[in-house]
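The following pair of complexes shares a single chain, chain A, combined with chain B in the former and chain C in the latter.
The block that comes next holds the complex of A and B.
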């Protein structure tokens, strides 16, 4: 966990969405469209879509505990070099280092727990805030 | 014989239930939940089912979809059935590899090959 970079040079877009997976789908579409507009390739777009999906689902279901009164805050910036997406929930946070390995023999058959692993695999950078309620995802354009 | 339901196309051939996943993106929880429910009903109605899921149309899926497949696999095994997956695109197969789930599922390059192995 770390203090998240401020990235002042980026042109951020921000949205606040209800704690609802359908609303999240609209946010995901907007970001993926932005990525595609900037000419990111199919592999990068696939990776970004998957990582955003996992980050938003985690924020809604785990961070915000599926509480419909809570909100999810999304900031994103896409340019010719990289796509940066930050997702913050209103929960108390968590310690990402304590998330168990979903590939362990006693966990491989469990239906949950793979979101963070997939974000780590597909993003070039993933950073959690000190509190753990915000994740910053970076994908470098190849 | 074919049955078309939301998200799925179901065929029956050589004693095998062939299910085509027709969503290009299996991402949204509502879709995943519906697919899971439909497949569960199919398994419960057909003990010892031979079930083949064809992923040819699937371009994206999430970890929630993987969870649905894991739960489905447990249900199939619980009725002494068999579950195979086929026609998984390289990008999607990579997700199975990263999560090590390619070891859990019986995955085949094509539906024809999978049918031969039941």
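The block that comes next holds the complex of A and C.
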């Protein structure tokens, strides 16, 4: 499996959480608080919160198939220049290139499929592992 | 006393106002992953006659994820199939931006205010 880009100079924090939306919400709050402590603006904070929410929801519901015996692995590092968040699930992964366009006429009225589009729109970098069970999100502080 | 972070979201509050055949659902705070089921339940319960028009007041909604947007899409589809008018009212700039990015502006009737939605 290809390794995701390594950010050696960053001080990483790691969390392992149960496959549960309530637990994930606590993780999201912890990262957002750290982002705010580093003085990221309202727009960047909104973007990071949204991307984390999308990544965690995808990991729990799609990657881990709502299986309560599975876990979600979160690594994050926030400094004065950038915020990096990696979210990994225990699923078999997927090919992001095969995700259909949610704005296509036959998909626009479907309730799902917009998470990756929003992560791409609001973050500066979004990268998937080769297996497709880990996403790496980067927001550069303006 | 510790300062409350400006980014902190209040839990989603859902207020329903019924007036004749219209229902206005006012959302306040953050429609985060924990509250999507509650939002879906409320909207689906209202998306049936005798309601003829459903307005979602987004003026005090600070955050919504794709799952929350999808819940609103599902309610829109349900309403449309039942001949019920469906309108969004007063989304803040960030949420308006999300609606534009996802091109849901093509799907929804988005009004500047609840009053405008009620006149439609």
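Here are a few things to note about the model shown:
What we mean here is this: the second predicted complex is superposed on the first by the 139 of 142 C-alpha atoms of A that agree within 3 Å, B and C clash if a C-alpha of one lies under 4 Å from a C-alpha of the other, contacts with A are read in each partner's own complex, and residues count from 1 in each chain.
Keep in mind that, in the parts below, a contact is a pair of C-beta atoms (placed from the backbone, for glycine too) under 8 Å apart; a residue touches a chain by one contact, two chains touch by 3 or more.
Since this is a predicted model, take the numbers as computed values, not measurements.
Using the contact criterion defined above for the overlaid structures, shared-chain residue A:35 touches chain C, although it does not reach chain B.
By the document's definition of touching, neither partner reaches A:67: not chain B, not chain C. Of the two partner chains placed by superposition, chain B and chain C are both touched by A:118. Note on chain A: of its two partners chain C and chain B, the one contacting more of its residues is C.
Residue contacts after overlaying the shared chain place A:108 against chain B and chain C alike. Once the two complexes are laid over each other on the shared chain, residue contacts for A:53 go to chain B and to chain C alike. Contacts of A:21 after superposition on the shared chain: both chain B and chain C are touched.
Common to the chain B and chain C contact sets on chain A are residues 21-22, 25, 28, 42-43, 46, 49-50, 53-54, 57, 102-103, 108-112, 114-115, 117-118, 121.
Only residues 5-9, 32-34, 63, 65-67, 69-71, 73-74, 76-77, 94, 98, 101-104, 106-107 of chain C touch chain A when the two sit together in their complex. Within the complex formed with chain B, the residues of chain A that make contact are 21-22, 25, 28, 42-43, 46, 49-50, 53-54, 57, 102-103, 108-112, 114-115, 117-118, 121.
Remark: chain A residues 21-22, 24-25, 28-29, 32-33, 35-36, 42-43, 45-46, 49-50, 53-54, 56-57, 102-103, 108-115, 117-118, 121 touch chain C in the complex. By the touch rule above, chain B contacts chain A in their complex via residues 27-30, 59-60, 62-64, 66-68, 70-71, 74, 91, 95, 98-101, 103-104.
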